[in-house]
Amino acid sequence: MSAAVGLNLAVAGLIQGLLIALAGLAVSLCFAVARFPNAATGDFMTFAAYAGVAAQAWTGSLLAGAASAVLLTAGLAVASYVLVFRNFRGRSLVAPLIASIGLAFLLRSVLTFFVGFDQHSFHVPIARAIVFAGARVRPIDLWLAGTSAVTLLAVLAVLFLTPIGRRMRAVADNPELARASGIRARAVMLTLWTLIGACSAVGGVMLGLQTVVVPEMGWNLLLPAFAAAVLGGVGNPTGAVLAGIALGLVQALSTPLVGFTYQTAISFILLIATLVLRPQGLLGRAEPVR
Amino acid sequence: MPVRKWMLTRRVLGQAGAATALAAVVGRPARADRPYRIGALNPITGAGSTYGSGMQKTILFALEEVKRAGGVDGRPIEVYAEDTQTSPDAAVLAARKLIDANKVDAIIGTWSSSVSLAVLPITNEANCLLLHTSSAPALSTPAQNPKHLAWRFQAASHQIGDAYAAIAAHEKASRAAAMAFNNDVQIASVGFFRSAWEKAGGKLPNPVVYEPNRTSYAAELQQALSEKPDFLVVSGYVPDTSIILREAYEAGNTAKIVIPGWAMGPATVKALGAEVLEGLIVVDAVPDAGSAAFKTFDAAYRAATGNPGSSNIYAAMCYDMVAVLTLAMQKAGPSADNAAIAQVIPEVANPPGQAVSSFAEGRKLLQAGQKINYEGASGPIDFDERGDVTPVFGVSVFHDGKLEQRYLLK
Amino acid sequence: MQGYLTAVGTVGGIYALLALGLNLQYGFTGLINFGVVAFYAVGAYTSALLALRGVPFVLDFAAAAVLAALFAWPLGVMCLRLRDDYLAIVTLAFAEILRTVIVSEEWLTNGTRGIPGIPRPFSGLGAAAGGFAYLALVLAAMLAGVSLTVRLVGSPFGRLIQAIRDDEDAVRSVGKSPARCKLVVFMIGAGLTGLAGALYAHYLTYISPDQFVPLLTFYVWIAVIMGGAGRVGGAIAGAALLTLFLEGSRFLRDVLPFVSEVQMASLRLAAIGLMLILFTLYRPQGLLGRVAR
Amino acid sequence: MSLGVHGVNKSFGGLRVVDDVSFQVQAAELTGLIGPNGAGKSTLFAVISGFQPADAGCVRFDGHEIQRLSAAARARLGIARTFQVPRPFAHLTVRENLLTGARDQPGEHVFNLLCRPGVVRQRERQIVARADAMLEFLGLTRVAGERAGALSGGQQKLLELGRALMTEPRFILLDEPYAGVNPVLIEEIERRIRTLSEQGTGFLIVEHNLPALARLAARLLVMDRGRLIASGTPAQVLADRAVQEAYIGGGP
Amino acid sequence: MSLLEVAGIAGGYGEADILRGIDLRIEPGEIVTVAGTNGAGKSTLIKAIMGLVPRCRGRVVFDGRDLLSLDPEDRVGIGIGYVPQVANVFGTLSVLDNLRVVEGVAGRAARIRDMLDRFPALAERRHVAARALSGGERQQLAFARALMSRPKLLLLDEPTAALSPNLVGQVFALIATLPGHSAAALLIEQRARQSLAISNRGYILDSGRVVLEGPAPELLGDERMARLYLGGG
């Protein structure tokens, strides 16, 4: 593999990894604070992509489209918490997990009911790639990478630098102690779901910009997102982001060795290997026995 | 499509058929007491949903045309519609329902090879005809099609592969490359492309097989373009092809790209724009835009769906299925069973015989005892000994945002 | 109509067998298996490939069940000492890996081309009688699954399983190994799933990788959740309800004239999703189940 | 037969809960283990019974090192334990709880279940008979068919003792067997323990009810803050100044 | 009027009751010890007052307000602080964040400075994740966190369990200063003598009921008390 080929693979992998990281962060946040794996994350992304396409068609501006997608999806996530997930407090994680699968199906079918199965796409100027030290970088990649990185950092900043983020981490750490410290669950959960929605929305719009907008797009990214969340250490959002990026890179860089068909399987093999050798995740902390 | 209208259509067709039947009973008794039932089994939902409802509508309006032309002598026709969901399981149950509950004699319009392969044993066992639009080679092997009841209206993979090679020669390509979506049909067609191209003295590196649902095909493209080809076949479907075309442009690709017609939708043009598509070669067993059958089909299709007939090649095939089936029924006579009908299919579709472009024309000539050769909306519709249609490929090139047909491959 | 009903019964029976397998794993033992479709595929491919090499049907079916169970073994050994949800993630990943292997390893599985021409038992009897005989075979397998479940649950082994659900440490303290019991259940469930796969392959006579998608796993989950996890009758009722639902929507179109067929498909999935949500929220024990723990 | 711990250490997150503890308990000599809360008694039990791995040191039973064996394997070897807070199988009936404790039920293997149902049934009959006798002894016959989760705390304590006895142990670790049990029953249990002890079953008992324990035990071990601070006959130990300090706390 | 009045409180987690009708009161600024054997229901009593026991009946009045209708987070708001026995700090948060996280504190920054002044060991390690603290530091942090909201009543669940002797002394000294900060304390202790020494009154629980109660000096001299613990020693 020549350096240029490797470099190009790395660029592609990085973009892919940032997408997985966004989805993985949404999954991980939910797992850390609400304590269940949210299978509807992928369909939040799909919803965001459709919302973005529609809003772009309506306003004529990609920025406005993306912004409305973020707002609408955050609203959707909060609504799903209020209407569904709030009611599972104190039950095992299977119940909300199954309900989130149901929500995923419901969201996707409501979308297809109204807009059908046809392919849609964002309107973006298409430009030739810039060749940079042998690596081809598309201008859109720079935008995608930049936006994803900014979003990831923003979410982590909310989590680590703001009072509400601090409370969120406290709830994730020990829900009972959090209540006994006077932390109000409602505000924390509403913020959490807003973040989950926003994170999925940026991921969905990015995915839509890079590919095409179809009903199954988000669902297809769900497994890698779960993989990132687990690899990063269950309930460790920073870990999920790093693991997502790593997964994208590994997938891309492994192709010269395993070919394109096994590319996706690689991340799952890695996932299983990690669980066996290091059950707490690559960057995780040991889980207390519950 | 509103179901109420469809149910009405079904009933009207039945009644019209019954009237014809009554008239015919006097002369010829035999099986005329029982209508001939057709099952329209299309991919209304799932991966084939882009085409499915257009196919179903076409079958209904084509049968309507048959009825207006006076129907098949001595054979009233009923039609029942079902959805395959583009899934073999659902298709099997739907086929079962059609055969067992609705007692259909022919199933027409199955799409995607896995669906047709799953349905074929059922139709075969029930002595039911299967007219399909799938390209898997296995569908016409003696093992799978022992009674010769299955007929392929879509170009088989080897024919498409040969077409790619012919285009490469026509375009004077020196170094060719290929990418294929990871499924039976696409891998087979680039495989045939490779063998045809190498037989003609060219060389082709291993085709790059890619997975569906990837967020980027940059790496795959990079490998396909690594030998600096001047000719690249991308054999896939609409979503993945859209991504690949855009990424090829962004990567500064200079090779001529050829894609099959089914990988191109109205959304592709809208999404990519004229500049990206400029020079793209699209090959398809295109409806012979000049043919009379295509004009009739196109008008009816526009009326039924609001889209041009050229946007749904499978609908054109369904149109031809109805014509060929009813003409064969007409020729075989009202007492004929499916074996007899199947036997005369090549006789009404292949040369020699006077060229006809509709059931109405053909019926008149058959009544007069003449030989006919149906020339259809999706091509000339001539079958080989295995029951595969031998298509004519149209080669079109994008220029200034418009697809212009350049030449035909026969 | 009889032939159609036979077909619906056959497919429903296969779903019921799948639901019984998952019910044993999740309903009785709490193992979250999200890779149902993988064991199903193992069974289907094993039996199909053996049958095409001339191995008698009885051995094909047995091999399908055994091999599916054997595939469950390493997964179980890896996961069952970890937290409950790890099994869920590993089985989900395993299903995807397996599908990729089936797609890629053409020498064995014929890749995306799939395997046509799988022989079907009783096909010599003709369409009607053969179909009926096959339905009888599927129902017999289902009843075997039911009786196996009933026997296991009512046995000292079943008692141990329930004890494990209550308190694993206490089970250890009396000298029994929870991991061993869970592994056994996981493998038996996988074996039932593999048998269902074999029945499916020989019924359809054609299998290809795109028939083994994750959606199928979720269908089986839906059957178990709706019917009632941890109840033998629940698995059967859930599978019946699911089949009725999937097939019934074919006829529903006639009474909903304002819905197009494309929209009908959306409505079908929407209804499944909504039912999952409502069941987990308001009736977690399912139609026939006892109160979920 | 004896049970010994040698230089056992166990820490949780930097906190040394068991600190270099060594002792040897003879089966013939019923032994009590006392000490204030947090002294590390329960953790030591967990280390001996295999529920927690020791950070250092080893556990010997009957002359064999057993610290590599799983908890279940140690129980099969004959070391039974109860838990400080009762852990019955809440959804099983009281009788089923006892049945689950019985050893050598071939019906707990699927192979036997399907291939040797007769053997399974026969063994089950024996086990049920033993369980019923146990119920009788514990005075739980009246609630035999009730779900264990519905019992009072004291009844659950008894049930747990019974379940441990069903494993036919050679050595029993009892973690506060009297907590929440009424005084009449305490004497009853005491008698039973004494009988078992005389028949050769070893006992190590953690108990806060010192009078009751002192009546029973031949020897007492005292732990405080992870260390073994005293051992001897009950009279010696209770008179020990250090023990009193550890228990009620020293004066101001 | 008493600061806290508990009347006939009963309940538990599973099907069986752990608390079986307990009456208890605490006056403003008073330190009250609750002692008893393991499983007597001491921790459950504290959690019930905090609102962390799912099934709970009876009457709990704090500062004139009925507590049972309030969520735990709201009980913090009206002046109850809680230091659990284990898991009493947020291990993944820094020391500073453990203090900042408390909601509804007027003049939070100043209050944090107060706390750090009061616990110099914490001030030194303010940016360290709490899980890296030693046992004693953790206990201090848990106290500081609970004191952040200026509680009128502090519920302490065995604060000296598993601490080294010199730390035990420190903790008791710390508790003894609480009334000076106008806080009452409900203290669960195994070291009954030391605990009663700094307490005004005490209660002894057994099997979810109060079996002995009275002023601390009386209890210390009560021979039943000694018997319960040392068998007449």
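Going in written order, the chains are labelled A, B, C, D and E, and every chain counts its residues from 1.
Everything below uses one rule, namely that contacts are C-beta pairs under 8 Å (C-beta built on N, C-alpha and C of every residue); 3 or more make two chains touch, one makes a residue touch a chain.
Predicted model, so just to flag it, every value in this text is computed and none were measured.
Novice: Through how few touching steps can chain B be joined to chain E?
Specialist: Minimal hop count between chain B and chain E: 2.
Novice: Let me spell it out: compute each chain's centre from its C-alpha atoms, then which one is farthest from chain D's centre?
Specialist: Chain B.
Novice: Which chain maximises the distance between its CA centroid and that of chain C?
Specialist: The chain lying farthest from chain C is E.
Novice: Averaged over CA atoms, how far is the centre of chain A from the centre of chain E? Could you give it in whole Å?
Specialist: Computed value for the inter-centroid distance: 42 Å.
Novice: Distance between chain B and chain D based on Cα centroids, please, to the nearest Å.
Specialist: Averaging C-alpha atoms per chain gives centres 77 Å apart.
Novice: Which integer distance in Å separates the CA centroid of chain A from that of chain D?
Specialist: From the centre of chain A to the centre of chain D is 49 Å.
Novice: Which positions in chain B are in touch with at least two other chains?
Specialist: 45, 49, 182 - these are the residues of chain B that touch more than one other chain.
Novice: So which bits of chain C are touching at least two other chains?
Specialist: 103, 262, 265, 293 - these are the residues of chain C that touch more than one other chain.
Novice: Which residues does chain E have that touch at least 2 chains other than itself?
Specialist: Residues of chain E touching two or more partner chains: there are none.
Novice: Going by the touch definition at the top, which pairs of chains touch each other?
Specialist: Contacting pairs: A-B, A-C, A-E, B-C, C-D, D-E.
Novice: Can you list the chain C residues touching chain A in their complex?
Specialist: 32, 78-79, 82-86, 88-90, 92-94, 96-97, 100-101, 103-104, 218, 221, 225, 262-263, 265-270, 272-277, 280-281, 284, 292-293
Novice: Quick check on the complex: what are the chain A residues that touch chain E?
Specialist: Touching chain E: residues 90, 163, 166-167, 169-170, 172-174, 176-185, 285, 288 of chain A.
Novice: Quick check: in the complex, which residue numbers of chain D touch chain C?
Specialist: So the residues of chain D in touch with chain C come to 49-51, 70-76, 80-83, 87-92, 96-97, 99-101, 103, 105, 107-110, 113-114, 120, 124, 163-164, 166-167.
Novice: Which of the residues in chain D end up touching chain E in this complex?
Specialist: Checking each residue of chain D against chain E gives 13-15, 17, 36-38, 40, 84-85, 90, 147, 149-154, 156, 176, 179-180, 208-211, 214, 225-226, 238-239, 244, 247-252.
Novice: List the residues on chain C that touch chain D in their complex, please.
Specialist: Those in contact with chain D are residues 151-152, 155-157, 159-160, 162-163, 165-167, 169-177, 181, 184, 188, 293.
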